[in-house]
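Same chain, two partners: subunit A is paired with subunit B first, then with subunit C.
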Partner chain A sequence: MAGVKIENVYKYYNKNTIAVSDFSLEIKDGEFLVLVGPSGCGKSTTLRMVAGLEEVTKGNIYIGEKNVTNMEPKDRDIAMVFQDYALYPHMSVYENMAFGLKLRKYPKDEIIQRVENAAEILGITHLFERQPRQLSGGQRQRVALGRAIVRKPQVFLMDEPLSNLDAKLRVQMRAELVKLQRKLATTTIYVTHDQTEAMTMGDRIVIMKDGFMQQAGTPEEIYHNPINLFVADFIGSPSMNFVEGSLVTEDDQVEFETDGFKIGFNSLIKLGQINEKEVILGFRPENISLDTKNKGSWSKPINCQIELIEDLGAEKILFMKAENQEFQVKLFDSNFEGKVGQSLQVYLDLSRIHIFSKDSGQKIWNAGGGR
Partner chain B sequence: MKKYKALSFFILPGIIFYILFFIFPTISALGLSFTDWNGLSPDYNFVGFKNYKLLLTDDPIFIKSVSNNLKYMFSVVVFQTLISLVFAILLAKNTKLNVFYRAVLFLPTIISSVSVAFVWIFVYEPSIGSLNAVLSALGLDFLIKSWLGDKNIAIYSLAFVQVWAHAGQVMIIFIAGLHAIPKSLYEVARIEGATKWQTFRNVTWPLLAPSATIVIAYTTLQSFKAFDLILATTDGGPSYATEILSLFLYHEAFNNFKFGYSSAIAVVFMLIIAVITIVQFRLLKSNKVNY
Partner chain C sequence: MIRKNTETDVTMENIKPININERISRQVPLVAYTLLILLPLTLVFFASFKTLKQLYNDPLGIPEKWSILNYIRLFANENMLIYFKNSFFVTFTSVFFILLLGSMISYAIIRMPNVVGNILFGFVTLGMMVPTQVKMIPTYVLLSDLNLLNKHSGLILVTIATLIPICVFILTGFMKTLPKGLLEAAMIDGASHWQVYSKIVIPLSLPAIASTAIFSFVITWNDLLHPLLFIKSSSLKTLPLALLQFQGEYLTDYPMIFAGVVAASIPMIIIYIFFQRWFIQGMTAGSMKG
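Coming up: the complex of A and B.
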């Protein structure tokens, strides 16, 4: 087992196409790290550079103590799982799983033993004789995982392995993958564009955009303390509400003002603590309440109207409008009986709000993390 | 019912042409094969199986033609498949230079066989032909031959021309097949440490099987039905060394005016092709790949 260290790595396809820029990260031995971001953000390229399938333009990659930057993929002791499973259609499940071991000339008995062990862990022993085309998506994915684990590599690299599965199976495989990773305790780098997968699977998440790392942290850190507008918007479903406005001082108190409503921060933000005037206020849909009964430091009421209600069963998403400002509210109260068009008063949890710079999009303040 | 009425109306023109130009001539050839018609006179006699008996038991040129056909077919199928496969692998990547080379290799396909024949008559010409000139310039005089005049090699010289003319076309089928193989399968092989040869044997070749099936089936029939190229170069000579079935049939009909006899050849020829096709599809049917 080994950790992975990525040191100031760049990937240029040509002068004008920069796929990954100054990426540095240390992944601990046994950690489950998720690279997440929209398509074209450089997450797959980063993974493929670790695999050795893409050349590194600049920088270094270490697996354990070994500098593998210029090594062939086969010498890096990694195994990769692909989105399309990459099973050989003309080989049986057993042959697919044994393929790498055969190429590496393992003794026959050991191949049989390793393949059987892996198949047992994944519950696919009964599929040995089948061809990939006779398998369901979930079974194929298991075989692909099996092929990866038989070699007992130092690192697993997974490139969107669940995206070809249907929604229900994806949720199930997600949990199975996490359990498997915990059991094997093999360092894993997992690429996905799905923020739910990232949040639920990763020990740590790295969010990327346009080739740059935006933020790295535990799912909790990233959810509660996003470093900029992009991260705040990308993580969370429904995403964070953003309202543009300005910070003004009234009666020696800092207030946020926009068309439609005004929020006083009481003593949460001290005078002069924030220098920027034009800001974006961010708050998650679940940090708004229809009453102030629950714990929290609630803002003054905001008058708004219900534009649309999405009923998800256990929860409801209300699409609200306060003059020109639109935002969403997530209600966990299934007894809520409001109607579209109805006027309401809502309260913001001041201890959960974020303030971003309008110019740079960077976070300037949040109740939990200060400046 | 109404739907089928409309459908049958649409396929009617096709059916009419098929009957007129395929079914009718086939049946009339079958009928003529039992006669001694010379192709010109208004009357002829029914001779029963005489034509078939003569053809199958007492016509050395028929045997020679079939054997020439087989020689031609095997050399074309083997070399055309191998050469076009090598070209396909070399030119599979979509670079500008590769696209150019593909176009160059494909070019002979669009030239008519008769033009190809004339070009190669000049190349093969024993005294002023370019092939012998090149061989002589390279000091390889011992290889200089009368390429179309030597009865031992003429059929192979022609097979080479056929390969030259069609390898580009077959290469395109292989390139399409190569492009259909998912890239990730090669990447897995790379990660697992497969050598180039192991990758070819374990990934490329098995997954190219469907393309190879098409290529082999197509090339077999193409070479079996060869006609114009040989007619325009050697016309079956020297001393029947390049006489293949289609030419034999043609000569019997239009040189010797034995239409009844040549109809019998046509029927046998058709049966041979039918048998080859059926056998081939049976053998190659299992080569399908489902990802």
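Coming up: the complex of A and C.
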């Protein structure tokens, strides 16, 4: 096993098309790293550069101590699972799994043993004789994983491997994949556009946009301490609420003022602590409450009206409107009996708010991490 | 409220029987084309069982007596087996190299960066646009300089060069439809370019290779122009060239020529029947996938 080091890597397709820009990251041995971002953010290109399927325009990639930047994919000791599985259609499941080992001229006994072991782990021993076209989506997925793990590579690379599965199977395979990775303890780089996958699977997440890395950190860090508006918006479902407004000072207290309401920060933000006046207030839907019974640093009540209720069973999403401001509230109270059109008072947990610069979109303050 | 969708309701009444005019307009061209192909073949087949006199008396009719004398005379000529052997040798060797080299070029084209691949593809397939008649003299001079005139190797070389463009054209079109991920997966599994080509691309391209094989086989087997230009010795002649022997200055032995044509087409028919399924698959491949 080995770690991966990506050092100031750039990928240009031509002068005007920059796929990845100044990407640097160190992935620890055995770590499960998830690259996440919207389409075209450069996450797959980064993965393909690590695999050797795309040339690196500038920068270096190391696997373990070895600089693999200009190495052929076959010499990098990696295995990759593709979005469409890329199983060889003219070979049986067994042949698909054994192909890489045969090419590397492993002894026949070892090939049989390795393929059988991998198949046992994945529960596909009974499928050996089948052709890929005779398998279901989930089975194909397992075979593709099997083909990767028989090789016992230094690094697993996975390019949206679950996106072709139906929702239920995806959740099931997600858990299995994580368990498998923990068991094998092989460094894994996993690409997805699904923030739920990223949050639930990764030891660490890297969020990308337009070829630039936005933030890298544990799921918890990213969720609670997003570095900018993009990250705050991208991670979390429903996503964070954003309200534009200004910071004003009243009676030596800093307050946030917007069309619908005014929030005092109860000395959380001290005078002069934030220089910018026009800001964006961010708060997650679960950090608003209909009462102040629970632990938290609650704001003064905000008057608003229910516009829509989405009932998800265990939780409810309320779409609220306060004057011109709209935001969502996530309630874990299944007994809530509010109706659309009903007026309510809600309270914001001040210990969980974020303040972003309106100009740059960068975070300028959050309750958890200070400035 | 349940909406009744009357427009899309399928009942027995609104399934229209296929209009008879529509059926005729569809079938007539097909039947006409089939007749156009079958009639001359049938006439040749019938004529091969007639005597010269019968042929002149009743060129279109069914033979009075189904005599296989022409076939006996054909194969009584001991050289005929040599001509068959020559044709087999030239055709199979040419087709083998056309497919081998053509598939390698196609693989190279699909693996190269788009611009370079397209330039190479354009360069190779440009050969399809040059008619053989235009390059007869330069080719003759070249083979003469290379001391390859009146040799099977010379004939094979020219045949390969002539047919590679069309082979590359068909195979590249097919290989471009293979999922790129498969080739990448093989590279990561540890395959060299040769292994990707031989273990992944070739097995998956068999339908296109089969149709190219048949196509090249038919053209090479029937080729008269190149053997006529480059082969002089009787012992090196291929079948189409040999059949010319039966064409005299004053009198042409048509029944013998026709018997020769029928005998010569048997290997083609066998090969076509054998590869037919793949041939059709190869011709339609790529039309369904984006």
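The definition used in the following text is that the second predicted complex is superposed on the first by the 371 of 371 C-alpha atoms of A that agree within 3 Å, B and C clash if a C-alpha of one lies under 4 Å from a C-alpha of the other, contacts with A are read in each partner's own complex, and residues count from 1 in each chain.
Just so it is clear, a contact is a pair of C-beta atoms (placed from the backbone, for glycine too) under 8 Å apart; a residue touches a chain by one contact, two chains touch by 3 or more.
Since the model is a prediction, treat every value here as computed from it, not as a measurement.
In this overlay on subunit A, subunit B clashes with subunit C.
Contact with neither subunit B nor subunit C is seen for A:Phe242 once the two complexes are overlaid on the shared chain. By the touch criterion defined above, A:Phe82 reaches both subunit B and subunit C. In the superposition on chain A, A:Arg133 makes contact with subunit B only, while subunit C stays out of contact range. Within the superposed three-chain model, A:Phe212 lies out of touch with both subunit B and subunit C [touch as defined at top].
In the superposition on chain A, contact of A:Ala51 is made with both subunit B and subunit C. In the superposition on chain A, the residues of subunit A contacted by subunit B and by subunit C overlap at 51-53, 72-74, 78-80, 82-84, 86, 88-90, 99-100, 103-104, 147, 151. Put simply, subunit A touches subunit C in their complex at residues 51-53, 72-74, 78-80, 82-84, 86, 88-90, 99-100, 103-104, 147, 151.
Across the interface of their complex, subunit B is touched by residues 51-53, 72-75, 78-80, 82-84, 86, 88-90, 99-100, 103-104, 131-133, 147, 151 of subunit A. Chain contact summary for the complex, subunit C toward subunit A: residues 179, 181-182, 184-192, 195, 199-200, 203-204. Note for the complex: subunit B touches subunit A at residues 182, 184-185, 187-188, 190-194, 198, 202-203, 206-207, 209, 289-291.
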